C-alpha cells in the first residue's frame, strides 16, 4: 500500500554540530529520519557493540535454539551439544541460503535446504555433499557458520557482539551491573521467561522508544493518563521520588518510587522464598532501591530496554512484581521490530506467574493499555521528523539540565539526578552523547 | 505489496540542459521520475514559495481548525481566538510528537499527548508541565509552535509560505488575480465549500496533473471521449474558442468556450442575486470572460489547480456553475495526494448547491467520470518515466509553439495564446520554464 | 505492509576486487543486495545486450502483439502489417502515456488515450490530432514509437536489444546455438507455446535464479528431495552423468543424464514424426546429447533460462518431453518478475500437449512442486545478502574448480566440465566472470 | 435478537444480495440496474477524523458518491463505451458480502438489511490490488413480487481513499 | 456433516455472532460486554513457527491477549476516557465473520461454534490499513433465554504482528 | 431468484463448503481429499488482460493449476514429507468463503454452487501476508449419501500472481 507520508531525508549529517547541540540540550529532529545517520548507526554502533539476544532460560538444554535478530542480521542463539551457548549467523556459507527457518526448536544439526551443507549445533560444518568436487581445497573448518565474535551473559541475560575487539560484557555494562543485580539476583533460582517473546513492528525510529526507556519519566502522567486511572497501578504511601541515573556507556536507569524510609517492597507480592533470598543476595543499598522503586526501568545502549515493576492483573487486584525486557531491532530508519519478554523468579507459584503474565499482557504487551499509547507518540515523532521543515528543527532535551541535584546519598553508582519537580531528561542527554560518540568514534 | 514496476532513477540532473530543452519545446521524461529532482523540488520550490492551504469558509469561527499538508509537512490551519488565521506546523517543539491528530475541529488549546506541553490556538506555548525543571531557562515564547512565515488570503483563498523573504501573495499571484476575481467575486457573499475536501493518493508525479490543469486543453476530446458523450456537458452556440493564457510566475489559465458575442453565462444557472452582483463586482472584461468560458481552469505554481465550469448533475439536466479547487501534495517522486474541493456562491439555493455538489462528484470528484480517466493517463506517464530507456527520452511540449497568435484584443492580462486548431501547450512551456527557474535560482 | 527485513545496502562496489574473488571461486554476497550494483546492471548490462522477449508462435498473424518487459521497460512485441516482427517501447512520444494497456491482442493501430496520437502496428506515427498546431515543425517520422535497435530470432526465439552497436544475435549466442538447435529443431514444424506465459513476482535478486539455471545441478537432490520422491521423474538405466558446459558470453548449459551408450530419448515419448524429423534435422552429436540428457537446462546471460526435460504429469504415468523457457525481469535489487512458458513440438498430438502442459504445471509452473522449493532458497539467499554482516561475506562458488575434467570427447562446443562426484559450479564462475565484464567494460 | 423476518424472506434477501453482487462482479451491469427501484438512493458518505472520543467519525455534508438511478445508468453506459480510459482494460472486482443483518420488517414488502462489504479490485498487469472495506445499510423493497434495492448507504472505513479512483461500482 | 443443531438454533447463533460483531464495529462496547457471560474466557494465543512438518504452530504458554470479564471491562472503560492516546481519534474496524461452523450441541443451552475472522482496521488519515486474520473458536451459552459468549479462542494467523498494536477488540 | 434447492440441501451444501475449507486450514489434507470424487476436476484458469471493453478477461488455454485426484494426492503426500522446502515451516492459511450461490439443482444429487473465496496466507516470521481473491464455481455430487466435490473452477482475480508461489491448496 502507498503511504501518504513523507519519505526519509538524505541530508549529509554534520555530526560535530549535532554534538554541540546535544551539549546545549538540543536534539536535531533529523536524527530520527536521516537515512545516512541510520546507516552509520548500523555500521558504527550496532555491529560494533554488545547486543542483547535473549535469556538463558530460553535455551535450557543442549541443542535448544531460538531465532533472533541482531540489527536485522538473522542469527540463531544455540546451546551446543557441548552445553556452550553460541550465536550463529543464520546464513549458509556456501551460497547464502537461510540455514534454519524455524523460530525455535532443538536440533543436533542444521542442514541447508539448498545444497545440503550440514552444520552441527556448534556451527561447525560437518557435511558437504560432493566434497570431493573441491579436490581437497575446501577446509570445512574455514566454512563453518559465522559466529558472533563474543557471547557472554550477565546473570542469565545473554549478549553478543560481532566485534572481537570490544571490551568485555562486564566492562560494557559497567555501573549498570549494580542495578541489573537487583533485577536478576533476587532469587537463588534465577529468572525464567514466561511464554515466547512478543514480536511486532512499529513505524518508528528505534531511538524514540530507546530514549523513552532510558529516562523519560516525564511522559508518564500525560501519555498514560487514561491507563493510570484503571486501578492496576499499585498505590503506596510515602513522598514520591523520581530519579534519572546516568551510567557509563550511555546506559541509564530511572526510578519512580518514594523517598527512603517508606518501604514499598510489599507491592511486588513476592513469596517468602524470594523475600528471603533477596536479603541474602542483594547488598543493603540494592535492597533499599527495591524498597523505594515501585517501578524501575532503563536502557542499555543500544538495543536492550527493561522495566521492573509491580502491577495488578485486574483493577483493584493485588499487584505482583515482574521484569519486562525489550529488544529494539532496527529494520529501517522508520521501522523498528520490538521483541518483548516477561520474566519472573522461578520459585514463584504458578498462580503468581499467571498473574504476572496477565499483568504484563494487559499493561505492557502489544495489546497492553500502556504500550498502545507509547507507540502512538513514538510513531508521531518519527513521522514529523521527516517533514521538510520539521526535520530541520531542534527538539528540546534540556529538562532538568539547569535544575536538578546529584543525589549523593543514593546507594547506587552513576550520576543520580533528581529534583523536586520530578521532571528530568538527564539520561536522554547522556544517551545521545554516547550514541553520537559511537558514530563519531567509529570514523 | 510488491509492485511489478521499475523504481525511480537517481541520475544527477543537468538543469541547464533541461532548460535548453524546454526552450526547444522538449521535456526530459526524467523530470517525472528522478529522485534528485524531486528532492530539489521540495527544497527549492515547495518550501520557499506560496502554497495553497484552504478556504476561509473552512474555519469560520475562532478556534476552528483543519489539518492540512504543505509538501507533506503536516500543518494546522487555525483561526485563533484573536480571529486571525494562522498556519501552525503540527509538530510539538518538545520532542516532535504530532500535536493534533484530528482532521478538523474547534479548540482553545492543543495539548501534546506525550508530555503535556500545551499550545493555545495561536500556537503560543502556554503550558509546560514541570517548567521549574528548566530552572528558568526555557522561554515559552521561543518554543511556540512553528508558524508558516506568512499566511495571506486572496478573496478567501488562503495561502501560506515557510519563506519569510518571499514576495507578498499579491505579487506572487500577479496577473492571475484578475482571473481569480472572476471566480471569487461573483457574489457579494463570497464562496463556500461544500462538504470536506476529498483526499486520495494517486501513483503519479505531481507535475503531471499540474501541467494538465495549467493548460492541456488538447487532451479533452481524447481522454474524456466517453464522458463527453454522457450529456452532462452543456451545449452552447457560438464558434468554439480555446485559449492558453500564460501568466507571471509560471501560473496559467485555459479557457474552453466561444468567441466573443455569443454569451454563455446562462449555462451556469446562477440565481438573480449572483447575476446581479457579478455585474457590480466584475470589470466588463471579466464579465466578458464569464460570457465566453463554459469552462476555465488553471494552475498556480506549484500546488493549486482550479476549474470553474458549468456542468449538469444528470444527463440532459440543466447545468450549474461551480468552482473546483485541487491541491497537489507531493508524497514521493511517484505518489501525489490530491485534495479536492467543490465551492459555490453562498447565496445560491440549497437545491443549486446540491445539484452543484452532485455535478462535481459525478464529473470531477474521485469517483467522477472525467477524473477517473485523468488518473490513468497521469499514472501511465509517471510509470513510463521510470523505464531505463524511456527515462532518457524527450517528451514533446511544442504544440502551438510555431502556430499560435497572441490575442491582443482579449480583455485580460497575460499572454493569451490561441489558434484555429485549438491545440495549445503554451502554458506548459511557461509552467516548466518557471518551475526550472525555481530549481536553478534556489541554488 | 511493512516488511520486517533489512534494506538493500548502498556501499560503493569495488568491481576489481569482485573480479579477483570470482577468479578465486568466491562471490561477495553484496552482488545480490547492493543497490549501486543493481543500477549498474540495468545501465551496463540489460540495456546494452540482447534480451529474450518471446516466441514467434505468440504473434502468428500480422497485427498480433503481446506486451513484454525488457528490464522493466514496458514494450510491445508486434508483428506489423508488413509481417515483420518489431519491439516497440510502449511509451507515447508526446507526453509519455502508456500507449497500449492490453496484455495481448491484434490491432492495426495503437491510439494513445491522452491526446490521441496514433501509431500503426509498425510503430509509425500516423496521426497527430491538431498537427497544424505545430506549424509544420513536427515531422511524424521523428516521433514514431521508439523501437528496439535490433530484433532477431533464432529458430523462433525472439531477442531484442536497445544497443545498435551490439554484435548480431548469432554472434551473441555463439556456441550456445549448437545446443539451442537441439531444443528447437527437433520437429520440421517447430515449437509452439502452450497457453500464455505465467507471470509472478518473487522476492529475490534476479541472479540467484539465473545462476541456478546456468549450472547449479548440485542443488537438485537437496532442494527437491521431496519432489523427486513423487514418481514423476523418469527412471532410466545407465550410469549417471552430469555436465556443466561453459559457453561464450557467460551462457551455460547443464545436462543431467547418463553416459554415452544408454539412449534415453524414449523418455520424451515423442510421436514418430518428431523422432524421424530430429534424425534429419540434428547432427549426430546433437542426437547423442538428446540420447544422454533426461534433462538439459541453461541460461543465456542475462535474462533467458530454459529447461528441456521429460516429465510425467502424474505419479507413475509415462513421461513426455517439453521445453520450458524462463525470462528474468529485474524489478528491483530484491524483486524479480518471472515469465514462464511451456513449449512443445507443433506436430505432437493434442493428448501429448495436454500431458506436457500438466507435467509442466505440476512440476515447474508457479504452482509446481519443484518450482515452489526453488523460490524459497532464492529468496532466502537474497534476504541474507542484506544483513549488515552477511552482506560482507564471500560465498563459495569453487565447486569442481579443482576437481573436474574437460570432457573432450563430448560432441558439443564449449568447455564441458564433468567429474565423478557430479558436483559442479563451473558455469557459475563463467556466468559471474562474464557478468562482471559487462559491468566493468561498460564504464 | 428476535427473528425480524421469517426464514423464507430471510433466504430471499440473502439471495438477493448474493445475486446483486454476482452481477457486479460478472459485469452484468444492465441487469444489476434492473435490481434497483427507479427511485433508488445510493450514497457513499465521507467519514472524517474527529477528535472527540466516542465519535469515530463526523459525517459532514460530503460524499464519495451520491447517486440515483439516472446517474448510475450514466456510469454504466459509460462502462460499455469504447475509449473509457479508466476501465479499459476493465477492473476485476470481487464483492465479499458477509455479516448480513436483517434489521427490520415492519412492512412485509420492505426490509432493512445491513451487511459488511469487502471489495477486492485488480486491474491491468501489476501485482497491486485495492481493498475497499465498509458497511452497507440497504433498504430492499418488493416490487411486483421481486425484491429491489431501494436505498444503499455504504459507510467506507477510510478517510483518505487508498485507491486512485472509484471507477467501479462498490 | 450431521446437523448438530436445529435450524432455529442455527439461525440464532448466526445472528448472535452478527450482532456481537456489529456492536464492536459500532463502538457499542458496553452493550457488547453484556453479550458475554460473567465467567467469560477470551484468549488470543501466540502461534510460533516450528520446524516439524505437520505442525503449523507450536502453541506455547504465551498469548497476545488473555482476558476475562473484568479485564475487558477495564479496556472498554479506558476506550471511553478522554486522553486515551491509542484510540483518539478512534480506529474504525470492520469484523468480517464467515465460515460459521456449529460444531457441537450436546447440551441444548451450550453451542460450540467456529468462524473465520478478518478484521479491517483503519485509523487516522493515512491510506494505511491493518488486516487481522484468524479463526474463532467460541462457546456460546444460553443464559436466561439469551445467548452469551462464554469462551472465545481467537487463533491469529500471524507470528509477528503486522500491526503497531492491538488497541481494538478483535 | 427461485429457490433452486430446498432448505435442507441448501444447508448441507453450505456446511459441506465450510467443512472442506476447515480441513484445508487445519491441514487435514488427507481428509480433505476424501471430500472429492475420484473423477474430480480442479482448475485454476489464467485470466489475461484483454483490450476489448466488456471482456474482463480472455481465458486462453492456460492455467495456474489443472489437477485431478491423483495430482492433488501427489501434492498432499509431498506436503507431509520431511524436506518439503516450500512448506517447512508450513504456511498458515485461512479460507474465507462467502457469497455462496447455489445455481442449479436439476439432478437432486448434483448441485452447482458458486462462492467467493479470499485466502489469507502467512508464512514464517515476517509481517508479510498474501491474499488470493477469486470466485469458485463448484459442482457437488452426492455419492453414497455424502456430498463430494466433483469439480472446482477457481477464477483468480489476478493476471500477475501477487505471491511467490502457489504452494498451498486454494
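We just call them A, B, C, D, E and F in the order they show up, numbering each chain from 1.
Just so we're on the same page, a residue touches a chain if its C-beta (ideal position, glycine included) is under 8 Å from a C-beta of that chain, and two chains touch if they have at least 3 such contacts.
All figures in this text were calculated on a predicted structure; none of them were measured in a lab.
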Shortest walk length in steps over touching chains, chain C through to chain F: 1
Classification of the chain E:chain F interface as same or different, half of numbers criterion: different
For chain B paired with chain F, centre-to-centre distance based on mean C-alpha positions, whole Å: 49
Averaged-CA centre spacing for the pair chain D and chain B, given as whole angstrom: 32
Distance between chain centroids, defined by C-alpha means - chain A, chain F (Å): 45
For chain E, residues contacting two or more additional chains: 7, 49-51, 81-85, 87-89, 96, 98, 118, 124-129, 159-162
Chain A residues counted as touching two or more neighbouring chains: 1-5, 101-103, 113, 199, 201, 203, 223, 337, 373, 376-377
Residues of chain A touching chain C in the complex: 1, 39, 42-43, 46-47, 71-74, 89-98, 101, 112-116, 129-130, 132-138, 143, 146, 162, 199, 201, 203, 329, 331-332, 335, 337
Residue ranges of chain F in contact with chain A within the complex: 83, 85, 88-89, 124-125, 127
Contacting residues of chain E [partner chain F, same complex]: 1, 3, 7, 10, 47, 49-51, 53-57, 96, 98-101, 114, 116, 118, 131, 133-135, 157-162
Chain C-touching residues of chain B, taken from the complex the two chains share: 1-7, 10, 29, 32, 216, 218-219, 221-223, 373, 376-377, 380-381, 383-390, 393, 395-404, 419-424
Of chain A, residues touching chain F in the complex: 67, 101-103, 113, 199, 201
